[in-house]
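So, here come the structures, one by one.
You will see two complexes here that share subunit A, one where it goes with subunit B and one where it goes with subunit C.
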Partner chain A sequence: MKGEEERERIPIKERPEWADVRPVPQDDGPNPVVPIDYTDDFTETMDYFRAVYLADERSPRALHLTKEAILLNSGNYTVWQFRRLILDALNADLHEELQFLDQITRENAKNYQIWYHRRWLAEKLGEHVASKEHEFSREIFCKDAKNYHAWSHRQWVLQALGGWEGELSYCSELIKDDIFNNSAWNQRYFVVSKSPLLGGLEVMRDSEVAYAIEAILTKPENESPWRYLRGLHKNDGKSLANDPRVASVCLDVLTGKTDYIHALNMILDLLCHRHQPSKELKDAVDAVSPDPNLSDVGLAEKVCSILKLVDPMRSNYWEWRKSTVPAQD
Partner chain B sequence: MCLYANVSIFFYGVTSANILEKKDDFASVVMEHLRLNGAYWGLTTLDVLGKLDAVNQDEVVSWIMQCQDQSGVYPGFSGFGGNIGHDPHLHYTLSAIQVLALFDKIDVLDIEKLDIASLQNEDGSFSGDIWGEVDTRFSYIAICSLALLQRLDKINVEKAVAYIVSCKNLDGGFGCTPGAESHAGQIFCCVGALAITGSVDHVDKDLLGWWLCERQVKSGGLNGRPEKLPDVCYSWWVLSSLIMIDRVHWIDKKKLADFILDCQDKENGGISDRPDDAVDVFHTYFGVAGLSLLEYPELKAIDPAYALPVDVVNKIFFTT
Partner chain C sequence: MEDEELWDFDSESLSFEKDRHIYYLEMMYRGLPAPYQGQEINRLTLAYFVISGLDIFAALDRIDKEAVINWVLSLQAYPKNDRTFENGQFYGFHGSRSSQFQSDNSGAAKLNASHLASTYCALAILKTVGYDLSQIDSELLLKSMRTLQQPNGCFMPVHTGGETDLRFVFCAAAICSMLKNWTGMDREKAKEFIRNCQSYDGGFGLIPVAESHGGATYCAVASLKLMGFLGEDSLSEKASSDVINVPLLLDWSLQKQAFEDGGFRGRANKPTDTCYAFWVGGTLRILQADKFINEEALRGFLLTCQYKYGGFSKFPRVLPDIYHSYYGFCAFSMLREPGLNPLCVELVDVLSPIPP
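What follows is the complex of A and B.
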């Protein structure tokens, strides 16, 4: 974080514009409970910050001082809050503030205060910054496509300021880059169920099922599309069990003979909703069974026994799953 | 493998003298504003290890009380700052209440002045401070704080619960706001708040339990979201959530305990996020708390919802 500006730092006490201010040191009392040593620059900046804060001085120099304090430690709530009061009081150029934020967010993209400040600004600037905000979160996702703060900000911008057009294809783009990106799958569900442009979950279900299935066939070990598939049939397990594409993708994955844990789990879901398994599907389950003695038991029990063997860390979960499937005919 | 005794030595350092004595240490700069959280992590760990008597409680309590907002500039909420002279925020306020609870000193608080209830919004959600950032973390913090103060009647619990439920996702997990991705830390907050308010039935326990147990990776550690690296802090967030929904037997507890123990600094004490990384207060707390939830020998039991030792919680609710 050591920029040009910081290397040439002149101590505040040597700056003429601060000559009239007496810095206020941190009061830790005689026996500090959690004593912390600070760098000299940090101590001096915070001592002057305390002085302007206590005097409630909402001036251009105080604004600049908060910037210096933020560059030294961007996690301090008080500094940010005071900065907002000053920005308001001075009627400052908020576009300039947004540029400053762009810079420090790039350096520290996982800081709650920075993102909250950004949202405060975007809310004040209004709808015309929506596309700029989307561009910015995109930039953050180029480095970390799962940044929780940036996703939260993006969802807020979509709902408060708009810019939904292109969001579904952006999700596809991210999933294409990394099919395991659960954040992108979550965003996809958010868009499909909330976008005012797409018509809602019911309308989108059919094409999204196809999309999820394609992703499953690419990487069957990826839990995200399997969950997405269930989510598309939320609260309606019967419609999931009645969609022939679901049983079919399970069969395809089992036939590949690797990474079939999620496929077996899905078969249990189907059986819970009275799906009648085909002979092919039963044979495919037999074919992946590591234990030949399992051939005589019912399908659900067999599936759970296989899962216990191939995923021993969760064996209690799979044992419990056995009890959730109603007896087969 | 075992929990080395020097884990507590590490904490004497944190809570008495010489913390982060290295000058120019970046960590010491960024810690300044969250000293109250640091005190909570350190002191709770010491208590779980049965060593809380190593600190001078009068000094700690007197320092904490100085962190409460004295300015009176804010109408309503007048909570604690991260340090003396800092603006109040719910996050530090819960830490302050928790530390006071450890010392059985909640009665020194002027609860009416605190006015956490003023941070509840119309839709039932909570803001973290007067600036209005909304997050399910703040729902948990407000609810946990008010429960410890026995003042839950000050808020609209029904609406608070409804807001949390609106953040439930297709995988049974919860995010920071409606529609946000499930994240183990947020799940702890939401399940914890629901447990404290007696509303845990709103959780889809089997669905969420499966998502949570899928967080265990080959090394035995837990991650916080699919395809992320394991981290000791999730030993707390995931494990406590699993306990609150009665599904903790769905993971391999032995493998998890071994993972946490493997993250110790065997020479200097303390626990890191992953094996061979640098230790810190935050991860040491989560590691020890996780081991406590796993019923590791000679550790005090910790309450999965209040994140305090069970005897501390019992003293609040079962003594008049």
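What follows is the complex of A and C.
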């Protein structure tokens, strides 16, 4: 594919419209360190870029040249910056620019400069592009539902330009597609706490706790909904301990006897915040213990001992947690 | 990449191939292959990976230190008139020649495009090769750096505009720390920004409300450490920081070590990747919680990403690159691999050379 493009490329020095320009070679000094073995196309393109940049030529051909330079090194913020100056000077059609961006983002979706340029454009174009922007990030998520740049962009568009309608159901859709998609869980937390249409975290807590619990019961080994559940209670141990549904979902997971590491971790947090465990919960903890002869007196210590056995990757951590369990009255 | 099958991924080594890594770095020092041209603008950063990498191996005798110093210094930005500088401009270091133009006084080229990340890497290289940083004109650099700090405390990387996030707060803090002069930033404001980046799950996103990410988390915690907001013993209850939620951060970080293969992932439920051994492992080190890492498992994972002719890749069985190689070396230094220099983790900088 790349070879084809290269064959089609006419060297700039052979293009009549560039005949009047003298390229400016890179001055690498007497002792260049860590030199890069540039391809000829790269060297030529950047030599001409330097020439138009030094001449401050804000012309249609310079605009086209920045496009060629961007395709060769899309991280070059100087090229992008110059392109923005040219776009302004030529009063260029920014919708057309957005189309160009769509195209290169599809091929190179993880580049900070591309997304920064997009934000610059969206900011200029204003609110009426909000839905188009949401559509575009949606397209990116079809290929990579965890693209960090696209998520940051989407959050920015929501906050700056709007388009919150349907965002919560979009999160549900993504979580339904992949319940392990932590980016979608993060977006859900963002929407629930920041959407001007939903009333905020306090208002949403009740229904969202139910949503998180359902997800936990589907895949108890999934870290995301456990963190989300804690987040809904603002990581306040007392608030978690006072919500009976939290202890109850832990009990349900323990009773299932598989994938209960996160449940034990949650129980430990509850116990450290003076949650009074039911007899059922105590029995369920005993029932999952791989070693019936654990000598721990307190339930919290026992939970740590079990975690040490069933989660050996973090055994030192659980041992330490055991040593920091607050004294029971 | 299509001909990846032609590459030799057989016979995984069970030991750290020190000499091959030094050879790999020497090769990169002499010249980076064409696929790196796409990162030309960050050439100083690429040089930093190579030179600091050689320093980890106590192999700086392989390079021409004078040449390195002169090349790095040649990338520093100065105002046109001796001591005056135009408001809003940042006088740091250019990432490469393609953002540096000898001052022709007109048009676009008069905008200097020196960059915070390049400035951090420039100073780190100079320090590594033994250049006395007190010789740098730091007053101008720091005074102009302040103009990059945003009202919310975050930093812009380059004065002509760019994305603002935790990476550049870290660069600014590292620059001030290396120059031993904090006039370049408002630390209280930076601290507020960092606080706002801690997510509901305990990790940090690159900007407020973004998803927790290993790299962002390192930047947050290392910056706090450099700025003096994290005590010596941040785990103890007494020292429990009111700046950030340390217990939650600790739990989030430790959960990133995957039970499947012992490597670290950068985000919940994402694949493990060499570089997060440093980003998340380094975070734990700064919190003095690296004793909780399962080092044997981590080492085992990293060795599956070691290329038989030197270097590390992101995932097992793909080609190595200089970025993942460097953070792989850093991780092995943290794992106290014999013959490697220890790191000052919050600066990603060799502490004190091992005796020859």
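Rule of thumb we're sticking to: the second predicted complex is superposed on the first by the 312 of 329 C-alpha atoms of A that agree within 3 Å, B and C clash if a C-alpha of one lies under 4 Å from a C-alpha of the other, contacts with A are read in each partner's own complex, and residues count from 1 in each chain.
Quick note on the criterion: a contact is a pair of C-beta atoms (placed from the backbone, for glycine too) under 8 Å apart; a residue touches a chain by one contact, two chains touch by 3 or more.
These figures come from a predicted structure and were not determined experimentally.
Trainee: Should the pairing of subunit B and subunit C on subunit A count as a clash or a fit in the superposition?
Mentor: With subunit A aligned, subunit B runs into subunit C, so clash.
Trainee: Which of the two partners, first being subunit B and second being subunit C, lies in contact with A:Asn186: first, second, both, or neither?
Mentor: Both partners.
Trainee: Is A:Ala55 touching anything from subunit B or subunit C once the two structures are fitted on A? First, second, both or neither.
Mentor: The answer is second: A:Ala55 touches subunit C but not subunit B.
Trainee: So in the superposed three-chain picture, is A:Lys146 touching just subunit B, just subunit C, both, or none of them (first/second/both/neither)?
Mentor: both
Trainee: With both complexes overlaid on chain A, does A:Asn235 touch subunit B (first), subunit C (second), both or neither?
Mentor: Touch partner of A:Asn235: subunit C, not subunit B.
Trainee: With both complexes superposed on chain A, which partner does A:Leu90 reach: first (subunit B), second (subunit C), both or neither?
Mentor: Touch status of A:Leu90: no partner.
Trainee: For subunit A, give the residues common to its interface with subunit B and its interface with subunit C.
Mentor: Dual-contact residues (subunit A): 26-29, 31-39, 42, 46, 50, 72-73, 75-78, 81, 112, 116, 119-120, 146, 148, 151-152, 155, 180-183, 186, 189-190, 194, 223-224, 227-228, 230-231, 234, 312-314, 316-317, 320, 324.
Trainee: Could you pull out which subunit A residues touch subunit C in their complex?
Mentor: 26-39, 42, 46, 49-50, 53-56, 72-79, 81-82, 85, 112-113, 115-116, 119-120, 146, 148, 151-152, 155, 180-183, 186, 189-190, 194, 222-224, 227-228, 230-231, 234-235, 265, 311-317, 320, 324
Trainee: Which bits of subunit C are touching subunit A when the two form their complex?
Mentor: Touch list, subunit C to subunit A: 28-29, 31-34, 36-43, 46-47, 50, 64, 67-68, 70-72, 74, 97-99, 101, 104, 106-109, 111, 113, 115, 157-158, 160-163, 199-202, 205-207, 209-213, 237, 245, 248, 251-252, 254-255, 257-259, 262, 267-270, 291-294, 297.
Trainee: Which of the residues in subunit A end up touching subunit B in this complex?
Mentor: 26-29, 31-39, 42, 46, 50, 72-73, 75-78, 81, 84, 112, 116, 119-120, 146, 148, 151-152, 155-156, 180-183, 186-187, 189-190, 193-194, 223-224, 227-228, 230-231, 234, 312-314, 316-317, 320, 324
Trainee: Which stretch or stretches of subunit B touch subunit A in the complex?
Mentor: The touching residues are 14-15, 17-25, 28-35, 38-39, 42, 55-56, 59-60, 62-63, 66, 81-87, 89, 129, 131, 133, 169-171, 175-177, 179-183, 206, 209-211, 213-214, 216, 220, 225-228, 249-252, 255.
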